[in-house]
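See the structures that follow.
Paired with chain B in one complex and with chain C in the other, chain A is shared by the two complexes that follow.
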Partner chain A sequence: MVVTFYIASALALAAAAVGISRAHPIHGLLFLALALVAVGVVFLAVGAPLVAAFHVIVYAGAIVVLFLFAVMVAGLSAPAVAAERTRLSWRAFLGPALLAAALAWLLIAASRPASGAVEEPVPIVTVASALFGPYIAGVLLAGLLLFAGLIATHHLARRDDAATEEQR
Partner chain B sequence: MTLGLPEVLTFASILFGVGAAGLLARRSLLFMLASIEVMFVAGGVAFVGVSASLGQADGQVVFFFVLAAAAAQVSVALALMLRFHAQSRTIDADRASSLRG
Partner chain C sequence: MTTGGQIVVIIMIMGGALSLAAGLIWVERRLLGLWQDRYGPNRVGPFGILQPLADAIKLLFKEDWSPPFADRSVFLIAPAVIFATALLSLAVVPVAPGIGVVAEWNVGLLFFLAMASLGAYSVILGGWASNSKYSLLGGLRAAAQMLSYEVFMGLSLAGVVVLAGSFSLAEIVRAQADLWYVVPQFLGFVVFLIAGLAETRRLPFDLPESETELIAGFHTEYSGMSFGLFFVGEYIGIITISALITTFFLGGWHGPLLPPLVWFLLKTLVLIAVFVLFRAAMPRPRFDQLMAWGWKILLPITLINLLVTGAVVALP
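What follows is the complex of A and B.
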C-alpha cells in the first residue's frame, strides 16, 4: 500500500505538472487524465475504494471528456497553438512556480500537527449509509446544485433570439 | 509499515501548488479551468486522507460534495468559455478584459 501510494502520487504530480504546461490542449488534457487516474490509485491506496471509483468515473470520465468536447466545439486553430507555444517559455513559469512553491510549503507547514496513520479501509457500506443517513440533505442539495448548473448551461448556450428578431 | 497522514497531506499540498502554478502561468481559459480542477482534486485528497486516518466516513462524504461542486462549476465555466469563444474567436484570458454588455 505504501509503495503504491508513493508511485501513484509521484506519477500524479509529474503528469499534472506536464499537463498544465503543454501548448496543445489535447496533449495537456490527456496528461491531465493520466494524473486524475493516478489520483484514483492514491484513493485506493488510502483505503477509499468507493471514492476511487467515483473519482475516475466523474473526473477522468466526465470532466475531461467535457473539456475535450469544448475543444472540439471551439476548434483548434494552428496559429493559436503556435502562439501559445511561443508564450510558454520556462521564464513564464518561473514566478508562478515560486509563488506556488511558497503556497505548498505553507500548506505543508500548516498540516504539520496532523499525525496518525491510514489504518483499515473504511467499508463502502459505512460511506453509503452516511450519505443516505445523516447527510441526505447535503446529497439532495448537491443534486439541486447540479440541476442549477444544467439550467445555467442551457441558458448560456441559448442562441441570441433577440438579435435575430431585430434583423427581421 | 503503514501509510501516514502527513504523507497524504503533503501530496495534497504539492498537487494544490501545481494547480495554482498552472492557474497563474497560463492565459488559455481551457488550461486555467483544468488547473482549477487539479486544485479541487487536491482538496478532495486532503479530505479523504483525514477520513482514512480517523477511520470514519465523513471525509469521503465531503469528497462527494466537492465532486458535485467541481462538476457544476466546470459545466458552467465551459459554457461561458464557449460563449466567449463564439464572440471573440479566442480563449485568451487577456482578451476577456475587453468584454462588455
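What follows is the complex of A and C.
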C-alpha cells in the first residue's frame, strides 16, 4: 500500500502540474480528472475507502463532467485557444507558485513527519457513526447549503410565464 | 484464495464477459429478428452463429481512420475509457460463493458507481473530440443524461444497502438468502432498471446516438476498431448492468437445485434478453421528456422509497 500511495501521489502531482499548463481547457480538465482519480487512490492507500469512492464519484464523476459540459456548450474556437497560449507565460506562474510553496511549507510543518500509509482501513460504520454522531451539525449545515443552492438554481432557471406559454 | 487461483478467476471473468459480449451481437440481432417477424443474420455458419466473427474480421481489417479536424489524442483515448470502466465494474460482481475478483470489497457498490460515472467521460470526450456538430450534440446529450441518471441509480441502491447493511456485493447477495430484494425494494428495482438503460444508452434511451436526428451521435466519426470498442463497450455495459441487477435485486447466485454459477448466469442472460426486448418494443422519448421523467418522477420515487425503507428498518 505504501508503494501505491507514492505512485498515486506522484501521478496526482504530475497530472495537476500538466493540467494547469495546458492552453486548451478540455485538455486541462482531463488532467484535472486524472489528478482527482489519483487522489482517490491516495485515499484508498491510506485506509479510507469510503472517502476514496465518494471522491471519485463526486469530483471526477460529476463536477469535472459538469465543467466539461460547460466548456463544450461554450464551444471554444481556435482563436480563444491561441489567446490562452499567449497568457501562459512563466510570469503567470510566479505568484501562484509562491503562494503554493507557502501553503506546502505550512502543511509539511503542521503534519507529523512521514505519517505515510495507514495499515488498517477505517470501517465504513465508523465513518458513518462519526458523521451522524459528533459531526451531525456539519452534515446538516452542508445539507442546508445544498438546499439553498437548489432553491437559487430553481429561481435562476425560472422563465417568464408569458414566454413559457408562447413556447408551448 | 491463492494468488494463482485469483488470477484464474480474473481471466475467466474477463474472458467470459468479452466472449459473451461478442456472442451478444449475434443474440441481439437474432432476437430482434424473432420479435420483428424476420430472420436476422442466418448465413454465416449454423443459424448465423459465426456472424460476430465475420464482423470482428471486418472491423479489424477496416482502416482505422481519424478525421483530420479531430483532436487526435482525445479521439483515440475516448473508446478505451468506456471499455476499461465497463470491464472494471465487473470486478466487484460475485458470480458464485467465493468466486469473484474483489466481490467481498467493503466499498464494492460505490466502486461500481464510480466506474459508471467515469464511463460518461468516454461518450462526452468522443463526441467533443470528433469536432463535428452531430457528435458534439450527441456528447452533450450523453453528458446531461448520464449525469442525471447516475443520481437515481445511486439512490435506488440506497434501499438495498439499508436492508443488507453493507456496500459489499457478496454480503448483499448473502443477505438475500431468504427473500430477494426485488420484493421489498420493487421501486428501487424499477428505477435501477430504467437508470441502467439510460447509463448504457440503450434504446429507448439511446438519445446520444439517435440515428434519425444525429446520424450516429457521439460515434459518427469513428471507424474500424475504435468504433468496435464503443460497440463492444456497450455490450459489456449491458452484461454489467444485468449482472448487477441480478446481484442487487434477484438474489445473485441463490436458487434451488441448479449450481450457484448456473443460476447467476441464467438470471443475467434473461435480463439481457429483456434489454433486447426493450429495444425491440419501445419508442424513443424526446430529450426533454427523458430529463423531466428523471428529475420529476424517478427522483421523488427513489427518495420516498429510501424514506419508507429507512422507517421500516428503524422501527422495532
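Operating definition for what follows: the second predicted complex is superposed on the first by the 133 of 168 C-alpha atoms of A that agree within 3 Å, B and C clash if a C-alpha of one lies under 4 Å from a C-alpha of the other, contacts with A are read in each partner's own complex, and residues count from 1 in each chain.
As a convention for this text, a contact is a pair of C-beta atoms (placed from the backbone, for glycine too) under 8 Å apart; a residue touches a chain by one contact, two chains touch by 3 or more.
From a predicted model like this one, the values you see are computed outputs, not experimental measurements.
K.L.:
On the superposed three-chain arrangement, identify whether chain B or chain C touches more chain A residues.
P.N.:
B
K.L.:
Of the partners chain B and chain C, which touch A:Val65 in the superposed model: first, second, both, neither?
P.N.:
second
K.L.:
Could you say whether A:His27 touches chain B, chain C, both of them, or neither, answering first, second, both or neither?
P.N.:
second
K.L.:
Touch check for A:Gly95: first (chain B), second (chain C), both, or neither?
P.N.:
first
K.L.:
Quick check for you: in the superposed arrangement, does A:Thr153 touch first (chain B), second (chain C), both or neither?
P.N.:
First partner only, chain B.
K.L.:
Please indicate which partner A:Leu11 is in contact with in the superposed arrangement: first for chain B, second for chain C, both, or neither.
P.N.:
Neither chain B nor chain C is touched by A:Leu11.
K.L.:
Once the shared chain is lined up, is A:Arg87 touching chain B (first), chain C (second), both, or neither of them?
P.N.:
first
K.L.:
Answer with first, second, both or neither: which of chain B and chain C does A:Leu50 touch in the superposed model?
P.N.:
A:Leu50 sits against chain B and chain C alike.
K.L.:
Looking at A:Val37 after the superposition, I want to know if it touches chain B, chain C, both of them or none. Which is it: first, second, both, neither?
P.N.:
A:Val37 contacts chain C only, not chain B.
K.L.:
Kindly list the residues of chain A that each of chain B and chain C touches, one partner per complex.
P.N.:
Overlap of chain B and chain C footprints on chain A: residues 50, 54, 62, 66, 73, 121.
K.L.:
State the interface residues of chain A toward chain C in the complex, per the touch definition above.
P.N.:
26-27, 30, 33, 37, 40, 49-50, 52-54, 56-57, 60-62, 65-66, 68-69, 72-73, 75, 121, 123-124
K.L.:
Under the stated contact criterion, what part of chain C meets chain A in this complex?
P.N.:
Touch list, chain C to chain A: 71, 74, 105-107, 110-111, 113-114, 116-118, 120-121, 124-125, 127-128, 136, 139-140, 143-144, 146-147, 150, 154, 167.
K.L.:
Under the touch definition given earlier, write down the residues of chain A that touch chain B in their complex.
P.N.:
1-2, 5, 9, 12-13, 16-17, 19-21, 25, 28-29, 32, 35-36, 39, 42-43, 45-48, 50-51, 54-55, 58-59, 62-63, 66-67, 70-71, 73-74, 80, 84, 87, 92-93, 95-97, 99-101, 103-104, 107-108, 111-112, 114-122, 126-127, 130-131, 135, 138-139, 142-143, 145-146, 148-150, 152-153, 156-157
K.L.:
What residues on chain B touch chain A, complex-wise?
P.N.:
1-28, 30-31, 33-35, 37-38, 41, 44-46, 48-58, 60-61, 63-65, 67-76, 78-83, 85, 90-91
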